[in-house]
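Structure first, commentary second.
Chain nomenclature is as follows: A, B, C, D, E and F, assigned in order of appearance, with residue numbering initiated at 1 for each chain independently.
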Amino acid sequence: MKRKFSIGLLLFLFICMSFSFAAFATEKGTSLPDTFTAQSDEAKIAFRDAVGVTSAQSAGDTAFMFASTVLVFIMTPGLAFFYGGMVRRKNVLNTMMNSFVLMAVISIQWLFFGYSIAFGTGGPLFGVGQYLGFSGVGAAPSVYAGTVPHTLFALFQLMFAIITPALISGAFAERMKFSAFLLFSVLWATLVYDPIAHWVWGVDGWMSLLNPNAAFQALDFAGGTVVHISSGFAGLVLALMLGKRKEKSTAIPHNIPFVLLGAALLWFGWFGFNGGSALSSGGLAIHAFLTTNMAAAAATLSWMFVEWIKTGKPTVLGAATGAVVGLVAITPGAGFVTPVAAVIIGALVSPLCYFAVSYLKHKLGYDDALDAFGCHGVGGFFGAVMTGVFATTTVNPFGKDGLLYGNPEQFLIQLAAASITAAFSVVMTFLIMKAVGLVVKTRVAEKDEMQGMDITQHGEDAYPDFSSDQSIA
Amino acid sequence: MKMVIAIIRPESLDNVKQALFNAEIHKMTVSPVRGCGQQKGYTENYRGSIKTINLLPKIRIEIVVNDSFVKPTIDAIISSARSGNIGDGKIFVMPVEEVYRIRTGETGSEAIG
Amino acid sequence: MKRKFSIGLLLFLFICMSFSFAAFATEKGTSLPDTFTAQSDEAKIAFRDAVGVTSAQSAGDTAFMFASTVLVFIMTPGLAFFYGGMVRRKNVLNTMMNSFVLMAVISIQWLFFGYSIAFGTGGPLFGVGQYLGFSGVGAAPSVYAGTVPHTLFALFQLMFAIITPALISGAFAERMKFSAFLLFSVLWATLVYDPIAHWVWGVDGWMSLLNPNAAFQALDFAGGTVVHISSGFAGLVLALMLGKRKEKSTAIPHNIPFVLLGAALLWFGWFGFNGGSALSSGGLAIHAFLTTNMAAAAATLSWMFVEWIKTGKPTVLGAATGAVVGLVAITPGAGFVTPVAAVIIGALVSPLCYFAVSYLKHKLGYDDALDAFGCHGVGGFFGAVMTGVFATTTVNPFGKDGLLYGNPEQFLIQLAAASITAAFSVVMTFLIMKAVGLVVKTRVAEKDEMQGMDITQHGEDAYPDFSSDQSIA
Amino acid sequence: MKRKFSIGLLLFLFICMSFSFAAFATEKGTSLPDTFTAQSDEAKIAFRDAVGVTSAQSAGDTAFMFASTVLVFIMTPGLAFFYGGMVRRKNVLNTMMNSFVLMAVISIQWLFFGYSIAFGTGGPLFGVGQYLGFSGVGAAPSVYAGTVPHTLFALFQLMFAIITPALISGAFAERMKFSAFLLFSVLWATLVYDPIAHWVWGVDGWMSLLNPNAAFQALDFAGGTVVHISSGFAGLVLALMLGKRKEKSTAIPHNIPFVLLGAALLWFGWFGFNGGSALSSGGLAIHAFLTTNMAAAAATLSWMFVEWIKTGKPTVLGAATGAVVGLVAITPGAGFVTPVAAVIIGALVSPLCYFAVSYLKHKLGYDDALDAFGCHGVGGFFGAVMTGVFATTTVNPFGKDGLLYGNPEQFLIQLAAASITAAFSVVMTFLIMKAVGLVVKTRVAEKDEMQGMDITQHGEDAYPDFSSDQSIA
Amino acid sequence: MKMVIAIIRPESLDNVKQALFNAEIHKMTVSPVRGCGQQKGYTENYRGSIKTINLLPKIRIEIVVNDSFVKPTIDAIISSARSGNIGDGKIFVMPVEEVYRIRTGETGSEAIG
Amino acid sequence: MKMVIAIIRPESLDNVKQALFNAEIHKMTVSPVRGCGQQKGYTENYRGSIKTINLLPKIRIEIVVNDSFVKPTIDAIISSARSGNIGDGKIFVMPVEEVYRIRTGETGSEAIG
């Protein structure tokens, strides 16, 4: 088994390398005016003027988008800590790795074909290959963001592509085999995330705001459907397919300060996630920054409040969870709703998610270990729909009005977009998981689960001599 | 009076506690330890240096009981901690000469419970 | 009691929600040209030209202020770790929560009325309601920062409003009831922080540099008086009012790496705190960045040095503490003094604070658990006064000269501003705390203190199975 | 001994203070038009126009470089956690301190003379004193970066000067006396780092791309030679000179989540490190951002892959290490090679470094505790040479073509530059260490090593009551 | 020779150590444990699942003394560890057959001190 | 049957384990403890408050053996744990009345190994 997998990997690496060398050879032959950039001011100004943007405008917007992109980047390590703190000590490394390794895997996938599928043109369902190996992606701006290098837009979107499959990993924590996880994630990113991103954000996506010929134009400012609904529902499917953890009853978070660190990094990075989704520096970006913060704040308080009522004590884990579901819920509407609407959305999402994770989950009996579905699926769905209620063109003239502003149609569109995305994710996740199951075992053996994922999947102990003052080895 | 010391698997602790409670044994002192025995260890890898770990995580339970309770205590532990695989652990019974309850200063059998 | 509190909370939530809906209703009716923003370049340029700023300038300044604002944001989680690492294991979550939850509480307070009190116009003492619910706060620049959206200025200031009450929490760590803490913080932010911010930074504040009719014009570049003196002296009052911890003698930091992480995040964020206080990208902001770093560096070394002399060993906790007091001390002067003056201020503040925390505190017998007063009160006061010594208009022509540049008056003004702020904070904190004491108990029961704040206030254990390999539950 | 050292420190402080006051006195007398900055828009625009840069361009570039600089700043705390997690529990604070304290020490060194040596003009070998105490370093742009304040360029470079000696500390972890470390670091920064930076990046450096009269023009976009080769080879020398740790065999990482946190912060900060090395916002910077991410991703995967083949399990420590060596390897070429070349460089560096740390090190028997040489020396050397293979002027017209683009000469130049830097670092490190050894003992006593560096060097325990719920003291 | 094992509250450790020092007992071995007894536990709440914790933090002290020191040791512990509330803990006295000092190889009473 | 309890220096654990293995003693239970004895403590400094630490890190090893193995066990420990400096630790030998192997229910000498 191990042997077979190693051979598979070897093959994979070999193919990747060949591909790289091939791509490299092609690249070498052609001149790449797109990638041309200059250090001197004159050259820069001339170059940018040529592409129709004043250099100075681009400098500012590029600085802003750079900051936003690195902020989104740090969310994935943030998630590693948010999730890692919530599992048992013996599973912390595997849980963190499930986020961390995707920074590597998806980067490569995105470079070679992921970006092309998601943001290439080609049709309403997915893009085709014009950006394979980032060919044609250079310093000149793209159709998506007219004042920043195309490369920067592609990197910004990469960070979204990384965190989305990482979010799923909360559902199957503490029991999925690492090799199966890797295989699943690459396939899921390619067959689920990239297409959905194309549908919603591609210039020719079939429900894209940018596509005048779209079947309908769904509002998704920063990824309510693309990121949260897709991953949340995938998590539900995986939790059901993999089954419950053996020792579910004794599972409690092993390091809540890590959870808090993770939540703080997520909140921090989310300013880039939602703010940067304006794709340029300015009022709209800052508006999204504002609504993002206010929704997170309101949801933190309302989660605490629900707990205070229900159990007599507001927990820190609860506050951190509240912050995250607030951020999830405001994501689709961040650039479309008013700050007061953001407070309302935030205040309402926590009770809903609390109900999902503390009642629904136990009632229905699926073991969504870290509540990927309960937080991202439920919160994302709620946010998508609320965007259809509260969106207003006074905030963003390039958006739509929602139900409360006299446009009930948008409400239905949001409902449709959310449902279709969820359904697509559910079906595809099921099929991918079945396929993965044909190649490798998806769940670790019971005794490996008992001994812990860190030792059995990675041959490591997170804190080997923590409980004493020397190495007990 | 005897002290019953049981070394068990970490994952059995909940079961063992329950079994003891069912047998009306409510008092115990527990600590995390590492044990080495027939059970095979595993290897860890840190940047290419391989370490063999043969001290595995175990739980140590210490229970002081009156003589008549020794048997039920041991039965409760064995039945709840046995998985049948190597590494289930041991029970040691040792003599105790005196027991004091700090709160009251009581001694002997009364102090135990 | 618990019941009463829950009911109170319920009421509070109800009021907030009503308020939200009301605010929302009003908002809906009116068109909001202020919030208007556009994604296309032409629209953006047209819009910004209309408000008198070139679009490109604004793009750059907005990018800079965005980066600064998120940097200040991350300081509060940084403080959570700085403080959380310093308490005992059993109190770490409560201590971290005292910072974290304020990110939520103050955000909401600021949106609905805090910002209006602090930066609305109305009089020399506090602002009135024109910015309630951020009405009138949109993409157009404000009088405070002419090149960035008003929203961004308001968000930047929000981050200051969050961290200030969080700083106080170091003084009463390990013993203040969580409900009392929440109540206290909201009142303190509203009745102490917001007015002081208005005095010092409001266009019509009575000691503001921006107010030509001010009684006197105090220099406070980034919050020496507003942030550090106000919170430090409040901490002293609380430490005295709450009394000593029961097991004070055995209290030592439970996780010094967390303290270091916190200090690093504080230092990192402080670049935005002081740099961003220039309110636009450029030389002054970068000058503040420089002085900030140099004061922190000098203070780190001088604290280490003092310890080396006194105890024979330089500690890591000491180095981290030195860095923080250096940052505190340079805050008021960051944009007014030369880098060499910054080194001097930094080098001197550490011995002073060391004396305060290691000698004065024990001599006077108050239990300022994590030295909120010893670091922020003492360091902030020192910094405010030193600004009056070293300030020079060659660094910042919009500032003032200090004592060493032939203007002894400014020295006295700084002394006055610092003293008045301190006195105001002391009196108000005392009154607020008395008021809070009428509603809830302010200190936890002795046995709860023994058992730990995490379990008794939040029903959680920070590291439940850390000392073993499974959950001992 | 302790006494002597304290007296030495006292003297040092005294000298520093006198210097500060002297510098301050001089400063006071002269007017400093350079430091002039204004808050109003007109003044700013006028001022910047005067120095030949449009204000708006500068706003954007300054925002970008500010973000980059703070990103590089956070790398040093990141390194503290990367290294700190890898040592034993009893040495974590000392290991972290070896990074943290350099943020203070090198800041002061840089302000007073370091920057002047590195970036002052004067000759091909090192700069002279025109920037002592940052005199002449103000808001006006420098010759190095025409659109941002000189101060900002100097601060950006400071962050590089801090992290380089911190990297070395991995080699001698768990055994070098703290006083010897401090002395060594100041000398090394001054006599090794500053000159090498001058050679490679100074306007008149003897192998600088900016110097038309250079002996040869080496490509080093962001510090492959200056930062990684210099520190890596210094680490090797120190490991050999200090000898092996006593209990080397039982040394395993005590906290792998900390290692992961460190790696994440390093990756995050490296975007500023490499991106910011373009010195202005725009296509080149973003290109470097892209290559940086892709090399890190490829190296993470290839390290994992090598481990999977060799030991059957991919480790988290390995993935984190892979990410770091990928970042190291792409550093010199980030702005010169294509993204596909970056993937190839990343994919190849991990197997090489894996071989170095898991085989070569044990074979040759030096005790490079945390693989400063194995990762930075080997990875840096490889990256410098690969830059000579893959560099292309289609990516950066101000660069050079490499071997694969028909310019074998550049390959030899890269080899020469890397070898000379390595040799210089080796010789100087040896001499400095000998000199340090004359003044203080360089290695702690055996019993202190056993007891742990934290207690013996700093009188502190990192997690004093971690293993229980109270202070066992 | 006897081994005196005391299970006490964490917060009493400093007091107990002091009392033992005052009674001229300077040698002991201490470890953190968790205990279950009459003392009521508490509940924890993680996203709505409530866990009842009945193993509470305690400190275990192990002291080997010559027979004549048993009484003073016990007196010192009881007086310093008693708060009067449930949960103050227990003291167990067990027989020890031999003691060795590793450093010198000494045995018996001499090795104890 | 006896229980041999050894308190040793943390840094000796690897050696002691090896020596025990060489003496064919393969079973043991280990835990981290803190000990106080003749060995001098050290001081820690937190923002100018000095704490004296006199409970130093030690390792506690618990080995139950048949009577004939007591001597080899003790010899193995003493030879491998001795550094000759104060703080090397102690060995205590205590009587054990019964031993059970949880997996099989075996008792007595057979259960030990």
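Going forward, contacts are C-beta pairs under 8 Å (C-beta built on N, C-alpha and C of every residue); 3 or more make two chains touch, one makes a residue touch a chain.
This structure is a prediction, so every number in the text was calculated from the model and none was measured.
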{"item": "Interface sides of chain C and chain D: same vs different residues, half threshold", "value": "different"}
{"item": "Pair exhibiting more inter-chain C-beta contacts, A-D or B-D", "value": "A-D"}
{"item": "Identified repeat of the C-E interface (over half of residue pairs identical), from A-E, A-B or B-D", "value": "A-B"}
{"item": "Approximate Å spacing (C-alpha centroids) for the pair chain E, chain F", "value": "18"}
{"item": "Between chain C and chain F, centroid-to-centroid distance (C-alpha), Å", "value": "52"}
{"item": "Length of the line joining the C-alpha centres of chain D and chain F, rounded to whole Å", "value": "45"}
{"item": "Shared-contact residues (touching 2 or more other chains) in chain F", "value": "11, 14, 30-32, 34, 43-46, 51, 55, 94-95"}
{"item": "In chain A, residues with contacts to at least two other chains", "value": "56-57, 59-61, 63-64, 67, 250, 252-253, 255, 311, 313, 315, 317, 459-461, 463-464, 466-470, 472-473"}
{"item": "Residue ranges of chain C touching chain E (in the complex, touch as defined)", "value": "247, 249-250, 447, 450-451, 455, 459-461, 464, 467, 472-473"}
{"item": "Complex contact set, residues of chain A against chain D", "value": "2, 5-6, 9-10, 13, 16-17, 20-21, 23-24, 27-28, 31-32, 35-41, 43-45, 47-48, 55-64, 66-67, 69-70, 73-74, 76-77, 80-81, 84, 92-94, 96-97, 100-101, 103-105, 107-108, 111, 133-134, 138-140, 148-149, 151-152, 154-155, 158, 178, 255, 258, 454, 457-471, 473"}
{"item": "Touch list for chain C against partner chain F, complex", "value": "252-253, 307, 310-311, 313, 315, 317-318, 321, 354, 357-359, 362, 371"}
{"item": "Residue ranges of chain B in contact with chain A within the complex", "value": "11, 14, 32, 34, 42-46, 51, 53, 55"}
{"item": "List of chain E residues in touch with chain A within their complex", "value": "43-51"}
